[in-house]
Amino acid sequence: MAEPAGTRLAEVADLDQDRVARRGYPEAVYCAGKTPEQLRLIAAAVRDLAQVTLFTRADDDHAAAIRDALPEARWDADAGLLAWPPVPPEPTGGLVVVVAAGTSDLRVAREAMLTASYLGRPCELVVDVGVAGLHRILGHIELLRRARVVVVVAGMDGALPSVVAGLIAAPVVAVPTSVGYGAAFEGLAALLAMLNACAPGVAVVNIDNGYGAGHLAAQISAPFQPS
Amino acid sequence: MAEPAGTRLAEVADLDQDRVARRGYPEAVYCAGKTPEQLRLIAAAVRDLAQVTLFTRADDDHAAAIRDALPEARWDADAGLLAWPPVPPEPTGGLVVVVAAGTSDLRVAREAMLTASYLGRPCELVVDVGVAGLHRILGHIELLRRARVVVVVAGMDGALPSVVAGLIAAPVVAVPTSVGYGAAFEGLAALLAMLNACAPGVAVVNIDNGYGAGHLAAQISAPFQPS
Amino acid sequence: MAEPAGTRLAEVADLDQDRVARRGYPEAVYCAGKTPEQLRLIAAAVRDLAQVTLFTRADDDHAAAIRDALPEARWDADAGLLAWPPVPPEPTGGLVVVVAAGTSDLRVAREAMLTASYLGRPCELVVDVGVAGLHRILGHIELLRRARVVVVVAGMDGALPSVVAGLIAAPVVAVPTSVGYGAAFEGLAALLAMLNACAPGVAVVNIDNGYGAGHLAAQISAPFQPS
Amino acid sequence: MAEPAGTRLAEVADLDQDRVARRGYPEAVYCAGKTPEQLRLIAAAVRDLAQVTLFTRADDDHAAAIRDALPEARWDADAGLLAWPPVPPEPTGGLVVVVAAGTSDLRVAREAMLTASYLGRPCELVVDVGVAGLHRILGHIELLRRARVVVVVAGMDGALPSVVAGLIAAPVVAVPTSVGYGAAFEGLAALLAMLNACAPGVAVVNIDNGYGAGHLAAQISAPFQPS
Amino acid sequence: MAEPAGTRLAEVADLDQDRVARRGYPEAVYCAGKTPEQLRLIAAAVRDLAQVTLFTRADDDHAAAIRDALPEARWDADAGLLAWPPVPPEPTGGLVVVVAAGTSDLRVAREAMLTASYLGRPCELVVDVGVAGLHRILGHIELLRRARVVVVVAGMDGALPSVVAGLIAAPVVAVPTSVGYGAAFEGLAALLAMLNACAPGVAVVNIDNGYGAGHLAAQISAPFQPS
Amino acid sequence: MAEPAGTRLAEVADLDQDRVARRGYPEAVYCAGKTPEQLRLIAAAVRDLAQVTLFTRADDDHAAAIRDALPEARWDADAGLLAWPPVPPEPTGGLVVVVAAGTSDLRVAREAMLTASYLGRPCELVVDVGVAGLHRILGHIELLRRARVVVVVAGMDGALPSVVAGLIAAPVVAVPTSVGYGAAFEGLAALLAMLNACAPGVAVVNIDNGYGAGHLAAQISAPFQPS
Amino acid sequence: MAEPAGTRLAEVADLDQDRVARRGYPEAVYCAGKTPEQLRLIAAAVRDLAQVTLFTRADDDHAAAIRDALPEARWDADAGLLAWPPVPPEPTGGLVVVVAAGTSDLRVAREAMLTASYLGRPCELVVDVGVAGLHRILGHIELLRRARVVVVVAGMDGALPSVVAGLIAAPVVAVPTSVGYGAAFEGLAALLAMLNACAPGVAVVNIDNGYGAGHLAAQISAPFQPS
Amino acid sequence: MAEPAGTRLAEVADLDQDRVARRGYPEAVYCAGKTPEQLRLIAAAVRDLAQVTLFTRADDDHAAAIRDALPEARWDADAGLLAWPPVPPEPTGGLVVVVAAGTSDLRVAREAMLTASYLGRPCELVVDVGVAGLHRILGHIELLRRARVVVVVAGMDGALPSVVAGLIAAPVVAVPTSVGYGAAFEGLAALLAMLNACAPGVAVVNIDNGYGAGHLAAQISAPFQPS
């Protein structure tokens, strides 16, 4: 009772090592709100597991602590993501196309693309194709139609997922971003727009949740074998 | 002090008869929240003025009371609008195009179009051209480019104004509607999307405010003579 | 300009007949906010098309008007849905399992299941398996693991999608419902919980949007052939 | 797939060079959320175009990066705006009057005025005329009535646009600002007040969106030639 | 424990008979949410007290039940208010001026005026003087300056209290009303505007709370004798 | 697949019959959103169980359907609650005192008291003791100090739980009610106040959730035997 | 058009020098959002006026700039307030009692008290008397009953104004503060509680608005002479 | 009137020394918003009292000031909590189990556990048992069933309290945390989920309020002797 804060793994985390067997996808470690010390303990435990692990929403201090234990881990500062082992698996399943409405949405789009890649899918990235200039997204229509799933990352008015979903047969994973100001309300405007997309076929995830979008896209495009 | 509620006009309203001189546009009477008796008093006073008057947000009881005093007034039940005198003035100024994203947006779109007509502008109406099927709005591009101002009425994701504004030089007046459910939040989703339109040139008015949109469009497309 | 409200189809709707070719799925007609007269015009036009059509969010008056033109259409009053032609196509693709957390979520769950059925998927429905008695959902684990996608319909705390997603490899489509009161805020609590699901693999749609969930599930479980 | 973040323009942006032809107004570059490196790439590309370009919501680091590529660009630190080329075009069209309710609204008002100027309109600025001292705005009534459009910038109670719109024939573009505290909710109070302006003729843009207001004003006051 | 719902006064209410002694003002009975039976019990108890009593937010059924016990009570259906005894006391203290921005605000304004009257103050009522036509409120400036306190009742943009407070020395009690629609959010827009009034001297009460405003005005204008 | 809506129990509900063994308290049936037909099926199944069952949030139609199967069930229309069997068990454990701030809070207070009674606790009810007249609650201080737990039911400002918690050693279960109007926001104001109670020891449940408060109080005051 | 930001007073502010004549109270200068340079210009202009001036919401940089022009001004860093001339006028009118619920509310309470003092009223301050220990506020009942108006400053649950208003005849000015965390929502919880105070006689001002509360209190307690 | 800010205890705080007698639990000192100087005064006064005192939400500066007066006080930087005297009392009453859903919830969980310990209860802590891997919480079922009360600390979807409450007889105190991002809205999503827990028996406290949860748990598990 009432002892100093934990310095052993069991006192700060209970890794869900069973997840690959149960779900087919490994656990990811959410770094925000954890101390570097806690992450160092977790990273050391991860080393003993033989499976892909992602560390999401990591800042520079988090990254340094993780790489103490996992020096060869890949660190993508833009996406705030570390991957271990550093090379993604050979891709299988359907194509995942990730679309970023604007340049400012790139960080989240990269997080989605890297996640889907490390979970084993082939991926393509398309940038700066917001609806203010429709010809830009229309110029990529062939690539979009080749995808098993399209991830659309957009802030501000969040209008792009509706437009993309209306053009293709595959499902769209929509990621609202906190890009914008004022009545964008940190991504709320885009989130609501996406939840009310007038074209059906839009799956919404949390604001700025590139990891979740990439994970969901990997599941949708998985080489599923019905039992 | 503390007498029975007013039965004379002065006790319930102070008509802004000066508005035509001051602003160039007549006052409109907002019916919601007024009793039929109050509207009968106001309509009788309107009869003595020699200027176009609109009664907005009227229900059937409101309309009956108003037509007691102004039997020849035009009553558009869809738009909830009465106009007196019943024939709009000869149109002047630039073209106003009113676009309704879906069939359910028609009521508000008609309110906007009728308002602009009675304030003296030429108007055209385009229906059911939501972004889920882009070819529909693109099929009207020539008409849209002839307009001095385009009013875009849309609920749900409110994505259409961004798309239209990105295609034309003229300003867009965006009217969010309360069409939708759940996270549409009675039009809030569309309102926020429009305020965050990624294409500049979008002027937003209140949810379901067809009257305000038509009035604003009439002002923008007025045959202005700089002094 | 300023004529009586439309009595011909072109004045109230522009059916997206191209949608099957473009998207592989037919357009649905959203009935809320439309008048019976508008729906009668639309239903008559639908008769001339040779494709599955769903009418969603229909009330009794809507249904009567639609069945004037399409008397053999199937009418499911619980789900507020009409389907024409009345028999769903032969199922193809992966299994869609629809899970309703409580009895009060059944209407939305049925809308999802019927939509996925009419878009051509095999479906199963599981009822009243909320997290307050965990053994209930755990008793269906084998069925859940056979699914290509699971639709989870839940109101109140919206906790069930997190639990289900943590148990299976397939993606979960989460539908918050407006079941509950007070701080449920008409489904907002469940919506937010689902957007913040601590298990990845949860795709969220609008509150009470059974149609959207069924459509998305049909797309995810489609017999996709990569081009 | 999964490469380092883009260092070439095509990887971060797709400039909408077609916009002048399509809309008559050039694209602006929204700097918030972009890295200085991304802006340096974009600024270098802008140099090759022969058209006015605005960089909005730039901070000092953004400005330094842009001026590496465009050293002669005009930098207005108050408004967070860079313009290139540095001299605005010869003004045409109707007069734009920009009104700032308080001194604290000046930054946003300057952004609006500079935008309208660089898009080619004659502009005037009026400062510190909030409704707490009505004589101040009434003292400018003649200037206001000469305007083709008036931009009103106000925070706190957002009451000024209603008052101005009630005095003139021209449309008002209302810009809520985040000036205030507590129940001002970062500009939400002013935004809602403006959306509910009791005088018609008020076009609302996003909170603190001086750029959008200036652009809209430039479109409204353009020397339009009906086709 | 667990008996049938109360049919004696002690089971449903505990009248604060001490309030006149303690506060100088009698208790009022808030009728909304009470059954007619509960109000009949309360009204019968009131008859035995020798003090002014107001019943607020009463509907027709409430009024009928109350008048069973207090047949001579005054019933103002517009204001939803019953007063007993029916004649207000002789006025003392400073003048209370109640201002209604629009005709639709009259119900709340009457509730405020009647309350202040029955608590013993001299009152005047001014109607339909919204800021869209400033000359209307300016025409009453002399009356406003004679007041010890001014109650301003307004919906929509809630701009009138700022304007009035900026013109006079006396405090303003501002009552937002639920008049309006869409982004008026049932009076929230007006409430926020009033809380952020740019002129100091504005005391805000709850939306539609005419009773509270009248009570507060009566306290402010009371013939206070410092002890 | 896609059959008519269920008419057998298994198609609409999966009763958690295990709950008494697992939790020590029986399941309750939440009636809102269920059809009378569904409740008739459930009530018939309940008859075969030998345990206390509560039906909450029932309206008259619900009650009639339930009493078809369980004619001797007790029906408390005020509280919207049916109990079967009709007589509560002999009370054990500590005293539960339920306090209603105002008469309008009585329905929720009764739901709480009846729930705690049927779960086996001794209960007392105190009515109309809001903080506007402090002497009223202070007059019950002895009873409050005898309680093992106090349930405080209050709407509007929700101030009473803070005051009560500050006076006693026992925990307070606070139930915000939707009593009030305007900025009460259907109980949100009271809910937030209770969550921010300046006295510790306040446990908050959902708005109007008398059942939940009674259940929680029964658990807190249970004759617990540590194992 | 488009010149460098203003360096002369007329370009940044239009002092409302007429306010003392019109309202009887001088203008205050709101410092937040103004640059030190702007405040230096304003302070220099103030020096030439012969009237009390308050500078509110000033930080250290603001204070330094103002005291360049007005070195003898009084600077109260706690309250963020400067007063010039430094000595308040001789008090007249009724007593203002300012009550702070907790120690953390002291800054706002001091701002209120200083404002009322500089506007000419006698003031008393009472500290740390929140409702969690009722005996604390009850111990000051005599002082409270001597006041012409009581200002109550409270965060968290905002319960104190209801309690105080229920004890006295004088009006209460309630100031919600942003003290608290989580569901206090930066003072929103306290604001809503105060707007819904179950005791009438509570005048609410904006969150943390000590200046506004002090101004309002000074007006209410003014030695008013009815004309 | 208007003197410099207080430097004596009576000017900044009125310690509720009576609380132990009245409530059985000592007052805690909420440090946020207090200056180090104020805390130094308070800590010095605490030294003279012979009772357990907790200082909550303390940062490093607060801690240093408090330890000037109380050098032997225990300082737990993780939980932001100081306790004096440093050793908790001998535990009595039922067992309190504190459960943290994720590693990031540990700070709040520790605050709850330390509070309950210093108020005299035996405590156990369980970490990282979120619902995404159900086997983790199910592995602790025996410990949970031994508890007199379980405190569940969770952010994001806030689903864990529903699951735990459904498994045990004892009440659950649910603490939402601000862990998460985007639509977690600083803990609002978890808060709403917990208020709508589909299992009864969940007592909710404010977001991140570990202190309140620990206090409430100590009261629930107290060795109560009915009088």
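Should a chain be cited, it is by its letter among A, B, C, D, E, F, G and H, assigned in written order, with residues numbered from 1 in that chain.
FYI, a residue touches a chain if its C-beta (ideal position, glycine included) is under 8 Å from a C-beta of that chain, and two chains touch if they have at least 3 such contacts.
Values in this document were obtained by computation on a predicted structure and should not be read as measured data.
Between the contact lists of subunit C and subunit G, the overlap consists of F, H.
In a homomeric contact, the two copies may use the same or different surfaces; for subunit B and subunit E, under half of the interface residue numbers are shared, pointing to different surfaces.
Note: centroid distance subunit C to subunit F, computed from Cα atoms, is 34 Å. Rounded to whole angstrom units, the spacing between the C-alpha centres of subunit A and subunit B is 44.
Of all residues in subunit A, those touching 2 or more other chains are 22, 102, 132-133, 166-167, 182-184, 188, 191, 195-196, 206-207, listed in ascending order. Pairwise, the chains that touch each other are A-B, A-C, A-D, A-H, B-C, B-D, B-E, C-F, C-H, D-E, D-G, E-F, E-G, F-G, F-H, G-H. The residues of subunit D lying in touch with subunit B in their complex are 22-25, 28, 94-95, 145-146, 148, 166-171, 173, 191, 195-196, 200-207, 211-212, 215-216, 219-220, 222, 224, 226-227.
Those residues of subunit A that touch subunit D in the shared complex are 76, 78, 88, 91, 102-104, 106, 110, 113-114, 117-118, 122-124, 127-129, 132-133, 135-136, 179, 181-184. Here subunit E touches subunit D in the complex through residues 101-102, 130-134, 156-159, 162-163, 165-167, 180, 182-185, 188-190, 192-199, going by the rule given at the top.
Listed in rising order, the residues of subunit A touching subunit H in the complex are 1-2, 4-6, 10-14, 16, 18-19, 22, 27, 30, 32-34, 38, 42, 57, 176, 178, 186-188, 191, 206-209.
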